[in-house]
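Each of the two complexes below includes chain A, the first together with chain B, the second together with chain C.
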Partner chain A sequence: MSLPPHEALARRSAPPDRTRMLLLPGLALLFGVFLAPLGITLRYSFNRFVPGGLQEPAFVLDNYVRFILDPYYAAVLLRTLAIGAGVALVALLLGYPLAYAVARSRSRWRALLIAATLIPLMTSVVVRSYGWTILLSNSGVINGALASLGLPRVKLLYTMTGVVLSLTQVMMPFLVLTLVGVLQNISRDLEDAARGLGAGRWRVFRDILLPLSLPGIAAGSFLVFALTISAFATPRLVGGASVEVMATMIYDQVLSALNWPFASATSIILLAIVLVLTIVEGRMLRTRSAA
Partner chain B sequence: MMADTTMDAPRQLRWRCQLNPAAWLWWGVIGLIVMFLLAPIIVVVIGSFSDQAYLVFPPRGLSLRWYVQAVSSREFRDSALISLELGALATLISTIVGIMAALGITARQQPAAEVLMGLVSAPLLVPGIVVGIAMLFYFTDIGVGSTFTALVLAHTVLTLPYVVRSVLAGLETVDRAVEEAAQSLGAGRFRVITTITLPMIRGSVLAGAVFAFIISFDEVVVTLFLASPRITTLPVRIYNYIAYTSDPSIAAVSTLMIVVTTALVLVIDRYVGFARLL
Partner chain C sequence: MPDTARGKLDLGNGVSIGNLTQWQTSLDPSLTPERLGLGARTQSDRSRLSRWFSKQGNGYNTLRRRLRQGVHEGSAVPADIELRRISKRYGTGVVAADEFSLRILPGELISLLGPSGCGKTTMLRIIAGFVMPDAGSVLFSDADVTDAPANRRDVGMLFQSYALFPHMTVEANIAYGLRMRGVTKPEIRRRVEQVLEQVRLDGMGQRYPRQLSGGQQQRVALARAIIIRPSALLLDEPLSNLDANLRHEMRAEIRQIQQRLGITTIFVTHDQEEALTISDRIVVMNRGRAEQIGSPVDIYRTPKSLFVAQFIGEANIFRGSILGRTERGTRSFALDDLRLEVENTAAPDGSTAAILVRPESVHVFAPEDSRGEAYPNRFPATIEAAFYLGPSVSLRIRIARNVLLHVTQPAESLGSTLSSYVPRQGDAVMVAWQATASRLIPSS
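Our next item is the complex of A and B:
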């Protein structure tokens, strides 16, 4: 491909390259304040814990072995993954119709629906979790409504159900935004044509929308899953001590047990899981753009 | 699903009749989903106007007493100030660094640019809890400890991806010919950037900066590890309060936070448009 004349000229006459200098502050920050801390965490994960809140430099796998062999930690990991799967599923069931509504509506409604998605997303997760404790508590909004209907109260705060429900609300906007991007690219004409040929709404969804949006569904669900298993504030505030997940366990190991080596190893395990998921998600989105 | 404004009256009427009943059901479901998304925010906002000593929903009577209490609380005032200072400083640094990084990445394919491009989104992927303990270990190790400096550095790294992404998206829309025209008329590289490129992408820079501020203003997990009793941000203050008290002054502070972030989201919509975010 040949360049237009002015561009070829500009390239040839460009002054010696100093653009590298522009990259330096960013690189310094990411290496100095992001990679270096992660490096220290990786290093600590091989240290030996000295009861009483100290650690001694070592190069042992004790912390990883402890995580794998103790069934308690396996249970925490399984619970975390189960919450991730539950949240991804519920978020998909609720997020898909909303994303479709955003993608297919116009002007005023579209802006309103997007605002309804973005404002929760931009509200601090602490504030939203606080809202959920008001909704879910034994004397809260949901139980109040149940009681006024003459129904028995349901324990929701400090339960898995409560955590899944609130994390779904916290994470769903990410899924909706991913799906809107995918659904917008599916031509409306396809749907109209199918309907014109006599297909019902359900068939249009099953035979046209669903297959065409599958890469977006997969990518968005993986994203929500990865974000959910990383979540800390919501499981801690809504789940309390009874719903221990990876993130809350890491927090307690650092600040209560003061076992930095074990906390580091657990962090590295969580990070590894999230990185694998992110790579898989990236592959899925690339498949989409290639298709 | 929407009526065209260009429709004539009879058609519009027919369209309205068609809206029944499947469409009503559809929009009912969408309405419930939206309610689900907004529910925790709505209960906090409405609950903050309660006149009871503990949060009941719906409130029995309305009052502003919890706002008065929140605003007159020294702890909340100090935290609000720290949150604003921290957000402003982190946003300023990450916007400058982010613009430079985006310009450097766009300017030329080179190994350093590839490295930076690959690294810059990493803070979004790594779980906040992991970043939090990693930074606690690191800042303790290098003797910075839990200080305001540590918070500024941490928040700068966490907000940088948003600025870089936004500015990169803006740079994609810039017509290179305009920059080259200025260059061929004798403008130096720095002058081209400050007088031609930056003004053309000011919307993207603004969106990136506003995003960065929101992220910093809302951040809780990493901050939890770096905050000290004296230097605590608003979300961390709220987090610590929820565990111990249930008086609605937290709801009042939370509502003020919601107002700030919602206003900023609307600023993005006003100057850049939501479409850019999708």
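Our next item is the complex of A and C:
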């Protein structure tokens, strides 16, 4: 039997595909430790809470209704989102010039700047957050410095300002790294071309760098925002009980109130917000690049 | 304001051309109110103007430039550019410019030619204002602009990468320079249309750069550079990303537009053929210095150094010693056991020297051909290799044990001098050339 030549070719060029088996461990891990617990959490969020630390199986929306109706939880949610937005904004303002310097620098300077950006990532968040409590406390380094200059003390520990400040330091590397990637792809010639045509530095930034780095700005700020609104260690250590955010509230509901259904519902709400924002951001970038 | 309709210019800060007449005629007498088509102006205009001037710093130049671009329709005033003892050394120890001096005449196209790393691109970037020299000064029409930032220099630049703004349409790209100069929208539209026609891209204004071919992108870049009517046009290896046919076409086009507009132009290239075809003058650069400055013919025919001789075109370079004078007024030259006749020189007998023989100045004859006797330099030789190139034949011919000669002959003339002869490896021939075809190269 002889096959037509193209069929013979097709048959020969398709190898037995055993390499797909390599996907299994990764998929198993992803499913086992992420999707399955998530499913369980989703299921719990519809259960009914029994005071005294138990839950009974049910299919009710009580937990969601409670979250929406009680203004206390709305305040926590708003505070969390505000901190997320604040951190993303401050990190962007501080990180953009840094990312630009890294993207445009050469040789030794570049390595040094990248190291300076990455080293904080290699330290535990808990350690860094404790460090911040030392800096920010009423008798801490910052207030000590203010006092020695004859300036009034500022309450920073256990305030929103303190939380935003320390979270910015924690999150900035993510933003900087995202931006460096995008800025590196913007040829320096483009800046020179604009300069040569009469644009001052500000115009070059506004007309060339900013529009071309917008995808990086969006991706980086969104990453920081998503990481910030689910952050736990820093808000707990620097913010204490007075700056309650979604993550610390969920933690307290699980361990102190033992209200697992409500904690689950809160988690799902937080997750849904991140998910919706991801989709919106993806859409925005796609329509921009299609234009 | 109806009286500003013709040469309307907005200088910002509420100052427009209508109240400039007297000021600017005192600066440049050729710009009369009649030429500008403008009416009278008032005392308050004058005080507003002086405030504007003090804010601008370099006010006079800015004003002159804006007037020129608004008023002198069609052509720019070409600048002469002077580079005075420019030096630039990079952190890594690379010398990019070493006391480099050059005067570029108005309307001239001058090429900076040299191997990569010779400093030609650095020099262009110094002229553009993207790189600050360590020492020396840059003058545009006698005005020192060494410290002026790039955006105040009024030059148009064409980049090797084209550097088109990918997020702007062709029209927006081209209009950018005019927008920065505060030209009005209708005027911008008119001039963009005009320049698009000039570079044969009519109707492409709404496209994005990525929708264009390499040659079209190149034209957009050229249009963007010339629309501001720059006092100088700087071209940084603009043709190296194009394929051969398009390169020749664009080369001719750039030259044509440059001559029509009369723009002083500096062309950086590592391609000697490109430099020879396009330039009024060529500067051959090596290690941050000018090895030779001259017309293409000068550079090719009378190279002033070994470096230039070897860099431009194909070259046979032989080292030997100069001997006595001949009765024809030329000199004898000892190359191993061979005696050559070379052009005249004042060098003393016995001094060592290098000579240059271009491959195309050597003639190849059959050994018994009597026409060879008209040449003082003639040697029986053997062909070691022959390459047929279509219009010409490239030969490697051994004329002595240690002397190999590169020869290029028009394929046709070979056919006629040697009847139906096709050179082959191992053939015995006669090579011959004139004394004046052996040029002495000054040793540096």
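The rule we apply is simple: the second predicted complex is superposed on the first by the 263 of 291 C-alpha atoms of A that agree within 3 Å, B and C clash if a C-alpha of one lies under 4 Å from a C-alpha of the other, contacts with A are read in each partner's own complex, and residues count from 1 in each chain.
Definition applied: a residue touches a chain if its C-beta (ideal position, glycine included) is under 8 Å from a C-beta of that chain, and two chains touch if they have at least 3 such contacts.
Quick caveat, the model's predicted, so the values are computed rather than measured.
Asker: May I ask you to decide whether A:Leu94 touches chain B, chain C, both, or neither, giving the answer as first, second, both or neither?
Answerer: first
Asker: Going by the contact rule set out at the top, does A:Ser105 touch chain B (first), chain C (second), both, or neither?
Answerer: After superposition on chain A, A:Ser105 lies in contact with chain B alone.
Asker: Identify the partner contact of A:Ala233: answer first if only chain B is touched, second if only chain C is, both if each is, neither if none is.
Answerer: It touches chain B, and chain C stays clear.
Asker: Between chain C and chain B, which one touches more residues of chain A when both complexes sit on the common chain A?
Answerer: When the residues of chain A touched by each partner are counted, B comes out ahead.
Asker: For A:Gly144 in the superposed arrangement: first (chain B), second (chain C), both or neither?
Answerer: In the superposed model, A:Gly144 contacts chain B only, not chain C.
Asker: Quick one: is A:Ile208 in contact with chain B, with chain C, with both, or with neither? Answer first, second, both or neither.
Answerer: Touch partner of A:Ile208: chain C, not chain B.
Asker: What is the contact status of A:Val127 with respect to chain B (first) and chain C (second): first, second, both, or neither?
Answerer: Touch partner of A:Val127: chain B, not chain C.
Asker: Please work out whether A:Thr41 is in contact with chain B alone, chain C alone, both, or neither, and reply first, second, both or neither.
Answerer: first
Asker: Taking the contacts chain A makes with chain B in one complex and with chain C in the other, which residues are shared?
Answerer: Shared contact residues on chain A (touching chain B in one complex, chain C in the other): none at all.
Asker: What residues of chain C sit close enough to touch chain A in their complex?
Answerer: Residues 128-130, 149-157, 159-161, 163-167, 176-177, 180-181, 224, 228.
Asker: For a test of understanding, state which residues of chain B touch chain A in their complex under the given definition.
Answerer: Answer in residue numbers: 1-2, 22, 26, 29-30, 33-34, 36-44, 47, 55-57, 96-98, 100-101, 103-105, 107-108, 110, 112-113, 115-116, 119-120, 122-123, 125-131, 133-139, 141, 153-154, 156-157, 160, 164, 176-177, 180, 183-184, 189, 214, 217-218, 220-221, 224-225, 235-236, 238-239, 242-243, 250-251, 254, 257-258, 261-262, 264-265, 269, 274, 277-278.
Asker: Across the complex, what residues on chain A touch chain C?
Answerer: Where chain A meets chain C, its residues are 187, 189-190, 192-200, 203, 207-208, 211-212.
Asker: Along chain A, where are the residues that touch chain B in the complex?
Answerer: So the residues of chain A touching chain B come out as 6-7, 9-10, 15, 17-23, 25-27, 29-30, 33-38, 40-41, 44, 94-95, 97-98, 101, 104-109, 111, 113-120, 122-135, 139-141, 144, 166, 169, 172-173, 177, 180-181, 184, 201, 226, 229-230, 232-233, 237, 246-247, 250-251, 254, 260, 263-264, 267, 270-271, 274-275, 278.
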